[in-house]
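Presented below are the structures under discussion, each in the form of structure tokens.
Consider the two complexes below, in which chain A is the common component and chain B and chain C are the respective partners.
What follows is the complex of A and B.
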């Protein structure tokens, strides 16, 4: 009996002891701290990021996670502040000519890349010319394709000339993908792991984490309060939130919509949400398709119940968008036009009849099972379409397949989610014109709308521009190149010890990493 | 015997070639353009045809499929699994080299827990019977039937968020911080072990009950040997053969179960690498992962075949 009892104790101890030891060991990633006068600051920030960035390529749109890294490693001529206003970055100032075709950028003194080499106007020229090349895959290519020349009268000055006026040009240069990079980044196998931003990539563990350290040569290094940033990849939204709740992370991106209330109810955390990317339907308007008839598209835009989309796909964390996606706070917001497609099923049926489709038709509704909110959006609009006689078959493949089918026009109606590059309404051009693409209606081309959009870029800021984009919005309401549904709330969550970080409003939400310069984390 | 082994190895190589071919052709047959995935994200789109073409050229996707297949096979013969589409400066071998040990560590930790917990539980249930047997049988039924992601999520809720004993997930290299590495390993390993522990416990219980009914056990007891000695030295030892066989088979199936645990606990293993790579249409990594897993299974099968041949010469024919 004594032997058995002793053995049992040893067995219990053998199992429990390591668990107790392991659980008792502190796993905190906290590191150094400094006294900043007003109190102890933690100099290490831990970010829980929603996706891995296998490789950072110059100028490409690689998604929200890559943009976070971009804002930390890179800087362009201009940047954004927490309100979404364009602010100086590598260029301490710039001048514009009267016709908005010539922009002269004055670089700061003593700029250096993270490899120690000088950053001069020649680097600006190389970067902008790369962004303007059609095979670069640049996110802002549509804007940069208007580049005429870049002159470099001296090492500190770059004169950028455009073929056509563009009032919104500075806003595009403030995007993270317009960062000024060393020349080697633009070679065939070039990467963008080095730049002139506030942090230097110190270590990467593919698919797991990134470790960044402060760049002492950054032009605004005095305002950078973190010595290190560790970024851990948590692809699953709940796992990411768990990391924040458990204290393993200080800041997380892409808070799942269903978890908003959980974060809000935690007094130690801050939920920072902004109305961001918008969901919409786009169409295959090839010849012979019922959707080539704009009355059918108008009927669809009037038939959908957007409140249902917001509730079913986004747990209510979305704003109804019944017109062109221009945020309410924008000077270009027009209340009447913004509600041009408010639900009116009877009028939608009437339009179907006028178009010759009183009995409706069959259609393929393309979505993607890889993103639950895309699929839920499709499921939400399906009965609305059925109500006006459009009998849809849901095609919900993985994202890669969805993208290919959308680009090749293998659909009738498609669910999409997207964001403009900038908050300026000039972004709309990407969704109504250009070669066949996964994010816009297949075969759609409206020369009148294209002209109106071009006029918006040349109009003088103020009343003229507002009037120009009123005309654009009215034309969109009429021709329905897309049918807006909702603007989804994009949220960050962070410990209340973090101050100074803010979620930049609108489509600029993914640029919010800019605001980590100046942010502080209390110890 | 040498001829038998060579024959098995030859068969294994043919099988591996078949796997490579099927995976290669299947990947190129499914829709989804790797170049488009590299150039667009969920919230964007609209790239120029020139940019797509340039990326396709860089990845070699502009070549006919048969040419790509030939080049891939030639690379394989030289031990080159290729480079990732998403990260052209990293080889597939380096990705697998970083992830495979993590998956194997998770699987073997789960197997170790299964042996340490499952065998005593099964033996206890068989020996004591009554309510103890009922409780253990109920627990093992739960362990087998509960999905691993439910167990994982439950663990995170209790041990990470409520009690704060362990991290909610993540990974730390053993070399950089061994204690932190083990802290992050424990919850996923225990979650993954629930199913296999239950199977081992049930198998042990059945095997012990069968052994106890043997005549020689009664003889041993009648000769006055202490009951504990009979049980621990003879009954349990003679019951472990089927348990070991089952454990071996279950370890194989655990390799396939890790993907869910890896997701819940953000453990960077082969499962999550495979899923991410399929979604990104990163053909070289998908092919590499499948080939490595297939090669492991084929090697294990060859080893088992050879062992059978050694134990039973009739099996060689």
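What follows is the complex of A and C.
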């Protein structure tokens, strides 16, 4: 016994000693390092990602996982900095005419795609025209459909003309969806695993991981401090956090709300949360449904207890949104309109009675069991709806089925979570009009609201625009195309050795991968 | 059935662990029957200001979940749902499986091919995968679950019955009934069935236990009972989010599932040794 335990100790010492000596000498971890003047840097970044990306389609991608890859592999004319301001990317600069209908982009010299081919204004023209074609299914199609023409006087210049003025046009082009794509991406599918971004996809292990390496031809390659990025997929939030805690990852997306305090209490980790995507109810307002009555929708918007949603579904990590989802810091925020739907059960009951539904009605409440916060949001509003007589049955299928049912109108009331493409309030158009979609009320159309939104795009920046969007918000309060619930906090967590990365505020949180250019990881 | 010999066999089949199992089963059945009269809080009533209370809080013996709903109340009302679904599924399985086994075993030939090969088809699918498929197509809910699980568990009764029927269909008393001019239906119903029923009754509590496990699994995956109806599998799934700070939310319903399944298994053992001595001799817990 004594002999064996002695042997064990000796073996342990024999294994540990060289490791200690080695690590003491190099002062770095398990990956390569490079001297960048200000201390040792680790050139491999490991990201724990919340979902697999089976198909990268920059023009259509939504959500944390796909957009993270988009920001690393692709680049558009413009991008965002850590504050959410539009900054130059492939375009060095741009000029706008007085009426906001003509944008002239000046491309950088010597741009190349990752496959080695040149990136010229011709590629810009093709990409923008692709985004403007209805069969591209592009996320910013509503904006791009206003495209009149793209002229290319020379290889470095693209002149973009719009049919109608759009002050917010540069913000749309800064979204990952407007990445300039190589020729082969313009198929019906729009898949593109190669673009003009800072990193090249080296290896894919479907459902498990991605390996990326630095793109030496990237226009800003000097500022890219990572030689490699490995992305590992951990669908479960706690597993993702455990990977970070165990040191298997340097950065994780989508921190589960119930784990915020666990991250905050760890001095080696940084919790970077921003009020981001917003949760709301949308309705099937097709003919004959009680929900086609504006008063019923108003009653619902007034009946829900938003604090309960924030507490039960998001562990308190969400802010109440009782009007159109415009963040408090925005110049378009109007305190009165932002609280237009503050809870008032008595008034809600009265509205139900006026609408002729004093005895209430039965309805199907659509949610999804795949995301706990979607189902918990539904469970939280269920008793509030019951209180004004709306007896709901929960329909909680998997996410794909939920999306399909929502798009086909197979529901009465649906729980949704979404984000605008841009922080500019013009994003609201996507949630009130257009062909049937899984994120807006089925059959809803309010021509007056559409006109007000169009007026917002043409209004002169400043007081005129603010007034235009005040009118939009007031109209939304009245016709209730959706009933806002809360803005949830979307957080990244990372080791405190990572500097320069930042969670971009507001709806832009999923674009935060942009800030990995310039970010550094201390060894 | 309750002859002196039978009672002696019953006494022999009992031991302290099995008695504990019987007590648990009786307790669960009594609790679920009396649930509405126990003065428990409404299992669906939310009270966010009292969310995530620990075990032993005043008025909430087992604490509350993230909606402030009483865990004890959800556990007991959840047991009702579990038992109704499990008993329903077992009844469907028993009737369907016994019928297929009886006709297949007695008539043979084309009838046997039809009945027993369809049983093989069901057996060819892993149960949870088949259940997932059906629930995805027909939607969630208690009635779907009862039918699906009933069909899934029918083969074990069908095969059991089939084997028994084949071994007794040539017996002299069956032959005698035929000689006396009884029709095939009468023979199957009054002569064959009573003589093959013991192992089927023994199989029932075991199937009940398996049903509870499968129902919990499906509910856990979001394919079983529709929330907010309480169900143990759903409670585990809900509690999982808070497992770090409030492990009891997962532990309590998990423990309930384990104890219930174990108890029904023990009751099954007792019934096997009591009613079906030929099969029971081999094992004694």
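Keep in mind that, in the parts below, the second predicted complex is superposed on the first by the 487 of 523 C-alpha atoms of A that agree within 3 Å, B and C clash if a C-alpha of one lies under 4 Å from a C-alpha of the other, contacts with A are read in each partner's own complex, and residues count from 1 in each chain.
We take it that contacts are C-beta pairs under 8 Å (C-beta built on N, C-alpha and C of every residue); 3 or more make two chains touch, one makes a residue touch a chain.
Bear in mind the structure is a predicted one, so any value in this text is a computation, not a measurement.
Within the superposed three-chain model, A:372 lies in touch with chain C and out of touch with chain B [touch as defined at top]. Within the superposed three-chain arrangement, the count of touched residues of chain A is higher for B, of the candidates chain B and chain C. Of the two partner chains, chain C is the only one that A:308 touches; chain B does not reach it. Judged by the touch definition given at the top, the superposed model places A:380 against chain C, while chain B stays out of reach. Legend: residue contacts after superposition of the two complexes on their common chain; A:396 is shown touching chain C, with no touch to chain B.
In the superposed model, A:258 lies in contact with chain C only, and not with chain B.
In the superposition on chain A, no contact is made by A:87 with either chain B or chain C.
Look at A:221: by the touch rule set out above, it reaches neither chain B nor chain C. When the shared chain is aligned, no partner comes close enough to touch A:463: not chain B, not chain C. By the touch criterion defined above, A:238 lies against chain B and chain C together after alignment on the C-alpha atoms of chain A.
Common to the chain B and chain C contact sets on chain A are residues 238, 370, 397-398, 401. Put simply, chain A touches chain C in their complex at residues 238, 256, 258-259, 262, 307-308, 311-312, 315, 369-370, 372, 375-376, 379-380, 382-383, 393-398, 401. Within the complex formed with chain A, the residues of chain C that make contact are 44-46, 48, 51, 66-68, 136, 139-140, 221-223, 226-228, 237-238, 241-245.
Taken together, the chain B residues at the contact with chain A in this complex read 30-34, 36-55, 58, 84, 86-90, 95, 98-99, 116, 120, 153, 156, 159-161, 164-171, 173, 179-180, 182-184, 186, 228, 263-266, 268, 272-273, 276, 278-281. Residue ranges of chain A in contact with chain B, taken from their complex: 4, 11, 15, 18-19, 22-23, 25, 27, 52, 54-55, 57, 60-64, 66, 134-139, 141-142, 188-189, 191, 205-209, 232-236, 238-239, 242-243, 245-248, 277, 370-371, 397-401, 403-407, 416-419, 430-431, 434-435, 437-440, 510.
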